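You will see chain A twice below: alongside chain B first, and alongside chain C after that.
Then we have the complex of A and B:
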């Protein structure tokens, strides 16, 4: 992999952010709303990619971090009557604390065991949501009331249910996380993570504390996923246990694999691709998951490293 | 905007002659065939109903029968002249029985298909997940879910359930019959998630009001596949086991309950939700013989079926055993799907009352629906008469209690509407449109 100049890498990422900004004004109404949702979920995928792509730790429990943000923010409004900013911070804080605890416990394992342990913790989290149904709404979930989803600045207020405000808020979150991710992967810390992925023993021998570096990666990853969950609750007004189910642990894995693991933009591309394949094919047949499956097989055959990963391997070696 | 291009009538040289020319040209244009077509298009274009269907996912069996019932109702409505003289067109989108996708589908109906309403959702979590999208898009959202979520007034003003009684009312209306006929000491067995919690929370007070009591509540985790270990928790003095297990595990549940009790069992009372789309004569269900069930609308044809009920069954295509005509193994979801038929007729009535012309009249449609108070039994409401509470957007109808006899379900009692009424928990009409 050749190294891009910082200007080239940042120009590409700023260009994508600019493109998403312009799309807000040209997309038809439906796709405008859909892209807002995709950007929020792409943040989830970016958080997942931080751990899976750059550290090589395959987790099957990231739905709990998304769920921690979702419920942290949603319940702060529904049960405690907090405002939007406080609820958003609460969601992120829940994800950060949870990922720290899970990291401390799960990082005692590696490989398949790590995958199973994270999945088991996520299942515990999911069942706790059902168990405390009086508080969480259980499997039915709860609505975050529309009047509460307003960002009040005193003289002016931003209604998060307004399509434009929602799109721009999603874009702001997406842009922030994209640039933070880029900064991390280009930093010394990012290189240590890649070192751990490639050969943990050698990295350890070079004097790096791989446990604490991995723990930091779990916390960063979990916190980004929680930010996505918190934004989802606030922007789309629903908190439900299905978002903490195993399906939502597998989805970010698929999005990342599709777009390209260990690429900064791959999670967005994978999420967009998956969403549009489902949206278009479900209009023609109820067997749309079969088509999704075929599309995945074709991608694995012709783009084994995901769309962007393969492009980087074959043509654009400088892609971060 | 370029100020130089702003049209200013006072500064134009508009003479009487040019004005007359303009009027003549306008009249000519109005009489041209193309213009006539355009005008008519607004008044005769079909009314578009977005059907949020559970085609895939856990609700697929329900979704298929909801689609059949909806198609039959729309065919009948169109054959009778449509709504406000306009034909009805149904556009179906699969929500995968998933609340996230459900919200996207409602958004798709509102912004891409530009339907007049969205309709037909069953599963509670999909309804609750989709409700914010309906409210934000100011899209009237008519669900056929039976959940208490609409009547709880925790959703929003655009969500209605006018075609099927909610579960709180259903449970409440069962209590008098259970207390009087089955027994006074009741043990509940229910799945440990929201559907079960409705029964856990609403049955005890309803039974208490009838002089009976719930002596034990056994919640079974949704992941459980064997139930024998729970049965010793059933108190020996139990006179009635009230069970509402759902999903594929129900067959194992009944089989193991039969093995546990043998021939000396307490009375059994269940909700048909457990066995919707499942043949009552499936192997392992023999133990249910002689037990009783709640049914929304009877699965099996009854001796005293009204002409409207017979016509409805024929239109939807179910035989006397409640299975698809020509395919006895394709058992219907009769206890719930009638709600699609009845809801569409409520939409028709409300649109006609509102003089509904298009999406700009959605607020009028909401108000017209809220103004409805009762639906008489007949071809439009074959399940039975109903009252409608516009403040909580919920209807209340009669319920059936059926006994399993000779491999069929025979209705032995019909409740009164009053049995299921309760205090309103809020008022949607106070919310802004």
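Then we have the complex of A and C:
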């Protein structure tokens, strides 16, 4: 990892960003919109991967971080009438604070207990949304109105409901997070995280405060997921409790497993793949979830390290 | 000269068992000290207390004049106590390079330079003769090389006290000779506390020997004195010769 050629890795990542940019002008309207959504959700998956892939901490509660960003940004607009940039920052800040608190509490546990504790906290978060229904909209959710989703720069205005603006905004966020994850993974901090994943006791005995390092990773992970949620609220204009439900804690885990845990590009590939399979199969049958399930089982059986993890293992050892 | 390490009335109970029982121990800087004793005598528990892997039931540990009894393990490592594991505990899926890079990068005071990490890693790997295996996953190294990698990780911490827990266990005779030379080399810059069962190694390396039995220090002295000690012979052989 550390000794692999950095130029190759950066070239690959910039190439993917360039490809996504070009796709904006090539794709038909339906796929254009779908890919914008996928890029935002891939950010969610990358945030999840930060903790699951690199630190080896399996959380079943990341929907609350996505939800914190979603509601933080959405309610700032709907209830407080804030502008788009302030709302986006509010969403991210909500995720950062929430992940710090959850990290401090949940990191007292490891393994199965960590899964259960994070899942319980996420359920509390979900039920709080339903409980404060007159503020959050409850299970109906709320729509962020179109006029509130315009970035006003005086002379020019960026309308986030415009497909091209939406696509490019999603791409900008995706690219930023992708490059940040790459930098983290290649850094000394990234090496410490992998050390914790591989053998926490040994890492401690090399003089590392593993608790602080893990807490930092939870906050980074939670904040990235919140950025994804905040962007989702602003770009797609809907803030609903289903995004904080347990389903949205499991989805990023599946995307990351499919694409390849502890690979920087795996989360994108996993998210694309899952949407692609759903898209294709739902065209043939209403029982498409059955086929998705079978595809998942086959992948786990034959590609236990995910698509990119397998490629890295067999052919391209330098992949970050 | 002030001692590097002292323990005072140090005890650790596991249920009803007193694994370490009111041990008073003193280690001078620059020494190579061997700790020997029958299985279950409390040797590993004792060094685990010193390194902070487990907490004492009572007693105090003083390192370089400061009481470290309540400090967590990672702080003690930063103050210069390095522990190499009895059961090989390298990062099997990471390359030998990355295994050593983890301790090296933490001891570096300058924050950024990549060259400094590389230089530190290669120097530790060269001292242990592993330089040509830097890019191999640690799990694919032979057992003897994994033991050496453990030592390289300990060295990379630039310790003042290096604790080696049965380092020659499972090594071939030819490897043991190199190992003795390596420990002598390390001892030029650090104090070494060595748990060892292999008596020829102990007799060649140790300046002084501490004998544990049933959680207590049974005897302490030069290798010659310990060899002649009747109580030690009894503990090992069961009867007075």
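Heads up, the rule we're going with is that the second predicted complex is superposed on the first by the 317 of 320 C-alpha atoms of A that agree within 3 Å, B and C clash if a C-alpha of one lies under 4 Å from a C-alpha of the other, contacts with A are read in each partner's own complex, and residues count from 1 in each chain.
The rule is simple: contacts are C-beta pairs under 8 Å (C-beta built on N, C-alpha and C of every residue); 3 or more make two chains touch, one makes a residue touch a chain.
These numbers were taken from a predicted model, which means no experiment stands behind them.
K.L.:
Chain A superposed: clash or fit between chain B and chain C?
P.N.:
Aligned on chain A, chain C fits beside chain B.
K.L.:
Does the superposition put A:80 against chain B (first), chain C (second), both, or neither?
P.N.:
Neither chain B nor chain C is touched by A:80.
K.L.:
Which partner does A:300 reach: the first (chain B), the second (chain C), both, or neither?
P.N.:
Neither chain B nor chain C is touched by A:300.
K.L.:
For A:290, is the partner it touches chain B (first), chain C (second), both, or none of the two (neither)?
P.N.:
Touch status of A:290: no partner.
K.L.:
Which one hits more chain A residues, chain B or chain C?
P.N.:
The partner that reaches more residues of chain A in the superposed model: B.
K.L.:
Look at A:282 in the shared chain and tell me whether it touches chain B only, chain C only, both, or neither; answer first, second, both or neither.
P.N.:
first
K.L.:
Tell me the contact category for A:210 with respect to chain B and chain C: first, second, both or neither.
P.N.:
So A:210 only meets chain C here.
K.L.:
Which angle, to the nearest 10 degrees, do you get at the Cα centre of chain A between the Cα centres of chain B and chain C?
P.N.:
Taking the centre of chain A as apex, the angle works out to 150 degrees.
K.L.:
Under the stated touch criterion, which partner chain does A:120 make contact with: chain B (first), chain C (second), both, or neither?
P.N.:
A:120 sits against neither chain B nor chain C.
K.L.:
Minimum CA distance, chain B versus chain C, superposed model, integer angstrom?
P.N.:
For chain B and chain C in the superposition, the minimum C-alpha gap reads 40 Å.
K.L.:
Where on chain A do chain B and chain C both make contact?
P.N.:
Residues common to the chain A contacts of chain C and of chain B do not exist here, since the sets are disjoint.
K.L.:
Which residues of chain A touch chain B in their complex?
P.N.:
Touching chain B from chain A are residues 28-30, 32-34, 37, 127, 130-131, 133, 137-144, 146, 161, 236-238, 240-243, 279, 282-283, 286, 288-289.
K.L.:
Give every residue of chain A touching chain C within the complex, in rising order.
P.N.:
Residues in contact with chain C: 1-3, 188, 191-192, 194-195, 198-199, 201-210.
K.L.:
Quick check on the complex: what are the chain B residues that touch chain A?
P.N.:
55-56, 93-94, 96, 98-100, 103-104, 107-108, 111-112, 124-125, 128-129, 131-133, 135-136, 147, 149, 154-156, 192-194, 197, 221-222
K.L.:
Any idea which chain C residues touch chain A in the complex?
P.N.:
Within the complex, chain C touches chain A at residues 51, 53, 72-74, 77-78, 82-83, 85, 89-95, 97-98, 101-103, 105-107, 117, 135, 153, 157.
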